[in-house]
Each structure stands twice: as structure tokens, then as C-alpha cells.
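Sending over a structure as C-alpha cells; questions will come in a sec.
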Amino acid sequence: MNITSYLIRGLATGGQFALVAIGYTMVYGILKLINFAHGELFMVSGILMIYIVADLPTLPIGLAICLMAALTVFIGFLIEKFAYSPLRSAPRMSVMISAIGVSYLLQNLVSYITGGLSKQFPDIPVIGESVRFLGIKDKLTVFLSPVIAIVLTVILVQIINHTKFGMAMRAVSKDFETSQLMGIKINRVISITFAIGAFLAATGSVLYFAKNTGINHLSGANPGLKAFIAAVVGGIGSIPGAVVGALIIGVAESLAKAFGLADFSDVISFGLLIIILVVKPTGIFGEKTTEKV
Amino acid sequence: MWEKNKRTICNLILVGLIIVLLICIDTFAPATSMWFSVLRKVCTFALAAVSMNLLNGFTGLFSLGQAGFMLLGAYTYAIFTIPVNMRSNVFRNYGDSVIRFQMPLVLALILAGIVAAFFAFLIGLPVLRLKSDYLAIATLGFAEIVRGLVQLQSFGPVTNGPDPINMFTAPKSIMVYAAISGISILIIVLMINSTYGRAFKAIRDDEIAAEAMGINLAHHKRLSFVISSFFCGIAGAMMAMCNTSVSSVSFTTSMTYQILLVVVIGGIGSISGSIIAAFIFYASSEWWLKFLDLETYTKAGSKVPLLGPGFRMVVFSVLIMIIVLFFRQGIMGTREISVYDGIMKIRSVFVKDKAKGGESHE
Amino acid sequence: MKKMMALLLSVVMMMTLLTGCGGAAAGGSGSAGGTLTAYVLAEKGDTYSLGLANNFKTAFEANGGKVIMETFPTNTTNFSDYLQKSLDNKADVIFAPNSTTVAANLLANANDLGIECPIMAGDTWESSVILDAVKGTDLEVYCSTFFDESDSSSPAAKDFVAGFKDWLNNNSEYKDMNGGNDIVAAVSALGFDAYNVALAAIREAANEKGSDLTSIDIANALWGLSIDNAVTGKIQFDQNGDAIKDSAYIKKAGDGAFEFMKVQTSPNNAAQGTPADYGNATGVKLDTANKKIVIGVYEPTSGNNAAGGKQEVLGIYYANSLDDTVKIDGTDYKVELYVSDNGSLEENAVTAASNIVGQGALVSLGSYGSGVSIAAAQTFEDAGIPAIGVSCTNASVTEGHNYYFRTCFLDPFQGSVMAQFAWETVSK
Amino acid sequence: MSKNVLRVENLTMQFGGVVAVNNLTMEINEGEIVALIGPNGAGKTTAFNAITGVYEPTNGAVYFNDQLIIENHPQGKMKKLYAGKNSDMYKQAIVKTPDELTKLGMARTFQNIRLFKSMTVFDNVLTAKHLRRTSNIFTATFKLNREEEQRMREETAELLKLVELYDVKDEIATGLPYGKQRKLEIARALATEPSLLLLDEPAAGMNPQETEELTKFIHYIREKFSLTILLIEHHMNLVMDISDRIYVIDFGEEIAEGVPAEIQANKRVIDAYLGVSEDE
């Protein structure tokens, strides 16, 4: 029983989930909203890729990916514009129900278009090749995902901590009203946050679906939930936390499969979520915020 | 007597009429009519929606664990009502069932509720302290955990593992479903109109003020959570009766989303709203709007655009988004149906016409 | 910021350090001598998958083999960890009787991991999805099935294959339903036979009862039926209402088409069943008013099993296009099909079956997928309508339901056939 | 000396590094009306919230009817950060949630009115009666507590008549004019049958004529319900002519205590309000 293969694959799924988890943690940081539809956006970007490659066979793969990423960002923007911003002042529950409604709509729309059958993700040239690394034979994307996730995180953290726009995002996440008073255009910041989240989801979907090539309308549900758990475990609102949380969840699930607890892999991640929520609701990296009466 | 509770009397008359209508359908409708399977589902999901409304709508606790509690109720009911001689057949892959006896229907129903309530109490201890969106995700996680655990091979002798359970008592007549659902909803309505109901609404409106008025938040939240799960368990048992076979595969999060959307359509905080919405949602999705899924061809043989498998669900999801965004109150908002006020309003519309018409000669 | 970066790096370092020392080469297959090992992977909550897996396990262990069996939750898309388990245990054969949706990912992951041992499954894998997944890989994939288009031994089969291919090729809408090609799926052949069995039973009942025949008479007729020249071989129903079958076709997923490997026989000496006692059930009367016979088609045309469901419906449509009138007491009765989609989900079963009952159907054909068939058994029984299972192979479809018949073989049979085949191929 | 109702001992509230309330000691005897005043941001409401269990005090103790109800000392991170005094005097950590304190008999109102927005005026007060129920979930649901329900409704009607809101009893509470909402909140607090009533700026937003009426009303309810009252207020004329004793705090610390006349003349109090630097 050698652990390496399970660890590597655990890190891989962790890395792929991390990109989606960052989307959750950023949107929650800004809007205090669980963007239920984010998992579905991840699935939609996979489906978009299939239809782009099928309908525009002449388009080189690199361009196809960029077109898909652009479309995903646009959809993310639309979701925020039509489903969330009209409810900006609405009670918390109706915004959440709207998020659930969007995720339900995306699932049913894709199921209608694809007829419910699972479609094959096109082969991605470089990262799709099988490669032998440390005695394990698997697709390059498996070994690449954690690295790409960490690199993107570092870039994102630099943007947030060292650019004017990053400061605006941090301000908005700390206090909505005051940052509005300070002249920050709230809606622009929120739209851009959604756009970044959508872009990362698109990147994550290319890495993830290059490995798990069968996609149907339900392929977004499980990764979406796992990514959210990762965001909570890592400390909601903290981007590095989301990545570390995702790596932990990925490895935990793979190890469960290694030790024959395959049936429990789902149960373990949800168990982890409930334990973290109760013991340390702010997660590993999150800071404590006292509720002012 | 009339003056004091005229509204309740009118509403009781309405309920009486509905019961008579149901009896007619039950006896006279041809055995094959769609009314049977539709009304059975409507009664089941009306109770599920009302019990979710008790929690989300009246106590302000946003929980997404309904599928988990319904699963517990369905499994408990199914396991305890399989005739003794059929047990080994159903539990074929796991030797035989641990339970050796068969329970009468009513007892099994109550047990289904109790089992769901017991698990609600357990999960409630850690989870009810959480803020609303975390509570939603934690209860969603709980439902997934329950679904995962029930399917385990090691639990085979108790829950038949991943194999479906069938052969249990599944009544056919609508009156059984209407009775169970009716009594349960009546109990919930009585509770909401009691002093405890007011305490729940206080918690929904303003937790800090409620606590300052001496309402113990932990105790009342747990009470509402456990009672809502009790009736969710009974709704789960009714769902087992509807489908005549129970397998954990059908208790997915999308079922919880459907119940939530029924509550939203009906109006969060309105019991009659949930019942009306359950009827509209399930009657149309199971029957009236079924044609949306069938590829139909016009006489000229050309395919009617858009219609095809899955289109019905797309129409539903768009409809629900419209309701969530523009009609946040849903059909009834937080108002309850009142026949008396309805009649008065209609009468006043007529009276006004007469008055307008009669103005000339006064 | 510094603290966080340090922690992140240490996590990655710890992982690579671990992998460094543990890099022993895994992979490679075929245990040197010793007992043959099979790795069985089934989907939790899928009745067909679990039934077949359990039967394969008992049969393979009976031969003295070792079986490692695991189940995965529905909607799983990444099977690498499971397949890695088969490599770690040096499995000689992998048996994964799952839906084509699962197969697409499973085979892709198998190719990623460079799995060399043969991968086998049941009748669901006889579909173009498997051919696509195998294309361009050197995976060795076998599946058992009820029928093979290149088996020209029986004339009925030859005519059916030729006629069905023509019929598919000259209306594109049906060809699309078949997955865009004219490969004859086994389930289409089964659908074709099931329709003809139903018609034969109706004609039998008409001879005795004339125009006041009811669905109960059709059920009784089915018990006594014996059709020798059916496309998928002789059809006779045993005591449970299952067709007495003693052989299955084994196919290998080749490049673009399935290659016929062999007919694997396994003794099945069940005798023809005596009619069950239907008590005083009245069933559904013949629709003498508008002179039509409705046959229900209870199939998944959406959801996970849509591909197989649609191919089954095609077989029934084709059979209906050849023979759609029954003469009863001198008048011609038009046979009409009513397709009711169960969406491959057990919770839709009762509603979809009630739709068929609502149309006044005398017989119901289907369904692809054992779970949905079992779930609808009670509804057909209450309406007194016989149902003929076309390709649902799980034993409990007919067990205890004397209104449910079946024209295909059962999991216990298919499991033992595949175990036998696996044992023979691997021990060579 | 009549019985001591509330005694606050070295109460300190510290958020991170900021000491909001520093070593406050206060005593209120039965039947007294005591006011707690001080410039904006002096820590009045924070002290109030610590006494009513909304916050956990960082250090100090609170006695109600000579019975220890709240005690705490700096723990965990706070040990190092603690900038207040005599943290060694308290060892235990007794915490009470607001509903437990209300059950003991301490009812409160809020600085920004917190009425139940979906309920009518009548139900707002009726809900507060829930605390004194003797029924449980079953007897309440199946209407076996008819006489208790009847009693609750009568008492609610009486209270509403007292605050002259009975005529609007079926209107939605948050629809009332500001002054009336204030009086409703007081009526709701009275519904929990308290012995100590804590009022948080009851006259805020009232015109002089309404404030005058409020003074009479507070005197009246003290007699009728034999209450002890602690209030925070900015309207000096209300404070001066209603309170028996006054505590003044500034920057979290107590700077003066005494009867209204003394306080009016107290130099430090005037400086604190007028913001003159205390140089001499």
C-alpha cells in the first residue's frame, strides 16, 4: 500500500477545488453571500468548452479556452447583475433563495440542452497527456493542478494586498456602507469580484474536466459543495485559507478511498465541515469578528 | 358566538368542502385517473412545505436538511411495515432484516416522526448556534451524511444498504394521505397560534429583543427544529407510501430545493400559502405541464420548437426566479387564507357598484 | 502575509518529501501464480449494478478466485483512486457493471493510469459510448449482451438486423435516437421481441375470449407462450415469469464496432411456468369502442439511462411499423404505442406507470433499468396489466410480482456467465 | 436603608485594547429611580448591555437582590491585554443570558427601538407574557391552557390601556409614531413582570411636552408596579426631576455620584459635558 498515489491525486483534486473555493470565499467576503450557483458556473464552463470545440472545430484549443473563460466571466457577471444586485437590500434569506434558484436554473437548462446525457470534454493537448511522475502514471493536469492553484493564489493575494483595487475590495468586505461613503463604487467592485471568481472557476474547470472528462448537468453540484467546505475550513473570506482548506479536503478524501473507507469520503468532508463550523467557525485563517449590537 | 370567531367558522366550512371533494374523487374517480398519484404527492409535499415553513418562515431558521429528515422518516416507516413473511425477500442481500415484527400504519408513522425528531435533536445541539447561512450549509451537509450512511453495506440488515425497500404497506386511497397531512398541519397551525408560536415569530423578527423579553433562544430554536423535523419525518413516510418503494437515491438536495421553492411560491410565513403552492407546483409538474416534456409534432409534422425532455424543469426554474426576484411575497405573503374576508371584499366590490349606480337619485 | 506563505510552502514540502521516499513503482498487473484476483466496482443505489456485482462475486469466488468489491457514490466522476486500488491489489480482471455515464469517466481514468488487465461489464456497456471511450486507447474491454448483429445463425435475427438498419438509415430522427449510427444495439433486438411476444399473447387471448378479452387473459396467455424463432433466441417464461435463457453473447469493444467473441453458455434447466393465480382481478377491458389496443412503453427517455432507453423504444417502434393490427372477432384493432418517460429515476416510476394505466393500456413494455421497473411493479399489478421487462436483469423485478415478465436473462445468470468468461480468459 | 436591588462591582468592559467601561461600581436600592448619565461615547450603553447579559463583562461582578448573578475575570488573550484594575478579586466565571436575567426580574428597553416588526401592538406585548407561562408545548398547542391564555390577554389589554395604546392595539407596531413606539416598548418590558426596569434613553427623540408626560408616566408605573428603575438619558430636565440619585461616567470611569442637586453643582460633571480640559 503506497500512499504516494493517493496523496498526489488528493493534492490534484484539492488544487482543482481550490480555484473554485477562492470564488466562494471572495464573494462571501464581499457580499456575505454563499454563492450557491458558483458550483454550477464551474460545470457550465465545462459544457461551454464542449460546445465551443464541437461547433468551432477550426478554432485552436488555446483560443477556445480563452473564449470559454470570457463567456464564463460574462455569465458570472449576468448572474450577479440579475439575481443578486436587485436584492442588495433584501433580507439575507431571499438572496440565498435567489442563489439556489440560479443554481437550479443552470442545472435544468444544461440538462435540457444536453438531454441529460453526459458529454465528453475535448482533449486538452498539453495537460491531457499521460505522464509518469514519482512512479505514478496519470494525466499531467493531476500533477499540475496544485501548482497552478498556489501560483494563482499568490498572484491574487498580491493584487488584493498591494493594488488600489485590492484595497477597495478589502474595504468593501470590511464595511459596506462606509466604503460607499468613501466614494468606492460598490457595484463595480462586486462585479469585478464575481468576474475574478468566474475566471478562476473557468481555469479550475479546464484542469478538473481534463481529468474527469464526462460532464453532465450534475457535475457541478459535488465539486461546488466540496469547494465551499474548503472555503469554510480554510476560513471564509481568506484566500490562502481557501487553498489550504481545498488541499486538506482533497487529501482527506483520497486517503479515505485508500483505506477502503470509500463509502465514507462524502461523509468525511461534511463531517469536517460541521466540526469546523462548531469548534472554530472562523476556520484556520479567518479572524474573529465580534457582532456589534 | 358568530361575531367572535366568524373567520374560523368560514375557514372550517372551506375545509369541510375540500374534504367532501376529496371523498368524491376517491370513490368516484376511475382507478386509473391521474388524480390519485397527483393528490397523494400534493398531500405529502404540502406537509413537507408546511413543516419547512414552520422553521424557515415562522422561526427564521434557514435549514436545508429536509431531505435528510424525510429520508429517516421514509426508511423508518418502510422498515417497520414490511409483512414478516416478506422480510427475507426484501433483505435478500443481507441475510434477513434485524426487525422481526410488523407495525400498524399509524404507529409506524409516529415512529418515523420520532426517529427524524431524535436525529434533529442530535444535530441541533451543535448546529443551531450557527448564523443563518452556515446553518443552511451545515444542515445540507447533515442530509448528505444521512444519505451516505444509510447506503452503507455494513448497515445492510437494518436499512437494506443501497438496495431499495419495497413490499411495505402503501395505502391507495387519497383519504389516508389527506387525513395524515390534515391532522399534522392542524397541529402546526394550533401551535403557531399558541404562545409558543408567538415566541417563534419573535425570534424571527428580532432575536436580541426576543431574548431580552425572556425567550430562551437555544430552547425555542431547538423546539422548533425538532418539531419541524418530526413532521418532515411523517412527510417522508408519506412519500414512501406514494412511491411504494424507498431508496436513498431519491432524497437529494434538489428535493429540498423543490420544497423550499414551494414555500417561496406560497409565501414564506403563510401556512395556507404553502398548501396552495404545493397543490399548484405538484399538480402542474406531475400532470398539467407534463406536455412540456413530450416532443410533440404539429399536424404538418414539423416539431413544435422548445418542447422536449427537461423543458418542463426549465420553465419551472425561470418561473421561480421571477417569483423570487419580483414577487418576494409569493402568493399569500404572510397572510393566511380567510374566506370571511374574501367574501366581504367581493361583497364590498358589488355593494360599491350598486352604490355608484344608485348615487344619481339620492 | 509572511506567516501564511510559510505555512503553504511547508504543506507542499511535506507532501513532496513524503512522495519522494514512497516512490516504489506501482502498476503492472497479473499476479505471479497465486489465486486470481478480481476488482469489482459498483454504484451505490443502482440496483442493476449492485445485483450484477454481487452475483459475479459469488460465482468468481466459487471458482476459487479472490474478489475485492467497492461501491462509489452516485455522481462520482473521478475513479482514479478506485482504479489505483485495483493496481495496488494486482487485480487480474476488473468487473464494473455500471451505466454508460459512469463508464465514460471510468475508462478514461483507466487509460490515464495505464491499466492493462481486461475490464468487463454487463449488457449496459454494449453501446457507442464505450466505443468512443475505447477509441485511441489500448484498453481491453468486454461486455455480455443478449444479441449480436453479426450472429447469422438464426434467420429471424438476420432479417431483423437488415430491416432495422434500413429503417434507421432512412429516417434521420430515429438514427439520432440510436446515437447517430446504425449499429444494432442488443436492447433494440429485445424491444423488438418483447413487442412481438405481447402481440402473440394478445392474439392467443383473442382466440379464446374474442372481443371481451381483458389484460388478465393476456397475462394468462403469456405463461403458456412459446416462441422459437424470436430474434434473441427461444422465449418461454419460467415460474417467475423470466425467459428461460442459457446463453449470452460476449463481445469485445473493438475500433469503432463490437467484435463478437463467443457465446458463453451456462446450464439453465428451468421448466415452463404454470399460470399464476390472478384471483378475481378484472384487469383492463379491450377498447371495442374505438377499436384500438394501447401498448404502454415504460422507458427512460431522459436522465442517466436515456441512451439505452431510447434504443429499446426504437426496437419497439420498428416492430410496431411491421405489425400494428390484430384481428379480433373479424374486426381489425389498431395497435398504438404510448411512450411514458420515467427519467431513469425511481421517484418518477409511479407517476410514469400511472400515465400508462391512465391511457387504458393492455400491456406495458419496459423498462431499461431494474430500479425503475421494480418501482412500477405495484402500479401495474393494481391495474391488472401484465408488464414485460425488456432488458432489466435484476432478479427482484419478477420475484414476488406475478404480473411482471421478462424476455432477457437475469443478473444471477449474467453474473455467473461473466465470472466464468473472466476466469477462462485470465487463467489462460 | 431599604433592600439593595442591584449592585455592580468593579465592572470593566474591554474590546481588544479599548477599555469602554472602567471599574464601574454602582448601587440601586428598592423603589429608587437612578440615572446613569455621561457625554456621548462615555460607555453608558456598553455598561447597560454588560449588566443585561448582552455582553460578557471582562472583569467585575453584578449582584441582584444580594444574589451574585454575573462574575468574570480576564481570561485567555485578555489576561495579557487587560488594562483595568483589580482583576485578581474575581475567580469565577458566571455568565447569564439576557433571558435568564429577565426571568429573575430585570426587564429592559433598547436605545434604538426593537419592536417585533411583523406583529400588532397587542401581540408585541402579549409575546412578552410568554416568559411567565406555566404551560408547556403540548398544553399550549392543544389549548389546554385556556385560562392562562385568557389571563395573559387581560393583562396585556390592561397594560395597553395604561400606556393609552389600547385603541391602536390591532395596528402593526412599527407603524406607530415614534413617541408611541417608545411607550409600547416600555409596556412590553412591563409585561415580563419585572422588579427592576432598565430604560435605555426612553425620551430620545421626544419633544418637551412628551418628555413631561413620560416623567409623570415613569413615576406612576414605579408606584403601580413597585419598581426600581435604572435609566440612561440625555434630557437633563427629565433626569434632574425624576431621579433619586445619579451616577455620572466619562470615558468609561465614574466621575461623580449623588442626588440631582449635587450633580448639577459638581464642577467635574460640568467640565466633562462642556469639554473643558481638566488642567487644574
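Chains: A, B, C and D, in written order; residue numbering restarts at 1 for each.
We take it that contacts are C-beta pairs under 8 Å (C-beta built on N, C-alpha and C of every residue); 3 or more make two chains touch, one makes a residue touch a chain.
Worth saying up front: this structure is predicted, and the values here are computed from it rather than measured.
S.K.: Using only Cα atoms to place each chain's centre, name the chain farthest from subunit D.
M.R.: The most remote chain is C.
S.K.: Between B-C and A-C, which chain pair is linked by the larger number of C-beta contacts?
M.R.: Higher C-beta contact count between the two pairs: A-C.
S.K.: Report, in whole Å, the distance between the mean C-alpha point of subunit A and the mean C-alpha point of subunit C.
M.R.: Those two chain centres are 37 Å apart.
S.K.: Using CA atom averages as chain centres, what separation in Å is found between subunit A and subunit D?
M.R.: Roughly 48 Å, centre to centre.
S.K.: Can you give the whole-Å distance between the Cα centres of subunit A and subunit B?
M.R.: 32
S.K.: Residues of subunit B touching 2+ other chains?
M.R.: 148, 151, 153, 208, 309-310
S.K.: Would you give the residues of subunit A that are in contact with at least 2 other chains, written as numbers and ranges?
M.R.: Those would be 111, 115-116, 221, 263, 266, 293.
S.K.: Give the residues of subunit C that touch two or more other chains, as numbers and ranges in rising order.
M.R.: In subunit C, residues 44, 71, 73, 302, 306, 343 touch at least two other chains, as defined above.
S.K.: Help me check something: in the complex, which residues belonging to subunit A touch subunit B?
M.R.: The contact residues of subunit A facing subunit B are 32-34, 82-83, 86-87, 90, 92-94, 96-98, 100-102, 104-105, 107-109, 111-112, 115-116, 221, 225, 228-229, 232, 263-264, 266-267, 270-271, 273-274, 277-278, 281, 293.
S.K.: Enumerate the contact residues on subunit A facing subunit C in the complex.
M.R.: Against subunit C, subunit A makes touches at 1-9, 11, 13, 111, 115-118, 120, 130, 134-139, 142, 146, 150, 153-154, 157, 161, 211-216, 218-219, 221-222, 240, 243-244, 247, 251, 254, 257-258, 260, 262-263, 265-266, 285.
S.K.: Can you check the complex and tell me which residues of subunit C touch subunit A?
M.R.: Touch list, subunit C to subunit A: 1, 4-5, 7-8, 11-12, 15, 18-20, 22-27, 44, 70-73, 75-78, 80-82, 84-85, 88, 101-102, 104-105, 108-109, 111-114, 132-133, 302-304, 306-307, 343.
S.K.: Once bound in the complex, which stretches of subunit D touch subunit B?
M.R.: Within the complex, subunit D contacts subunit B at residues 52, 54, 97-100, 102-103, 107-108, 110, 114-119, 123, 126-131, 133, 135, 137, 140-143, 145, 149, 152, 188-189, 191-192.
S.K.: In the complex, go through subunit C and note every residue touching subunit B.
M.R.: Touch list, subunit C to subunit B: 44-47, 50, 54, 71, 73-74, 301-302, 306, 341, 343, 345-347, 349-351, 354-355, 357-358, 360, 371, 374-375, 377-379, 382-383, 395-396, 399-400.
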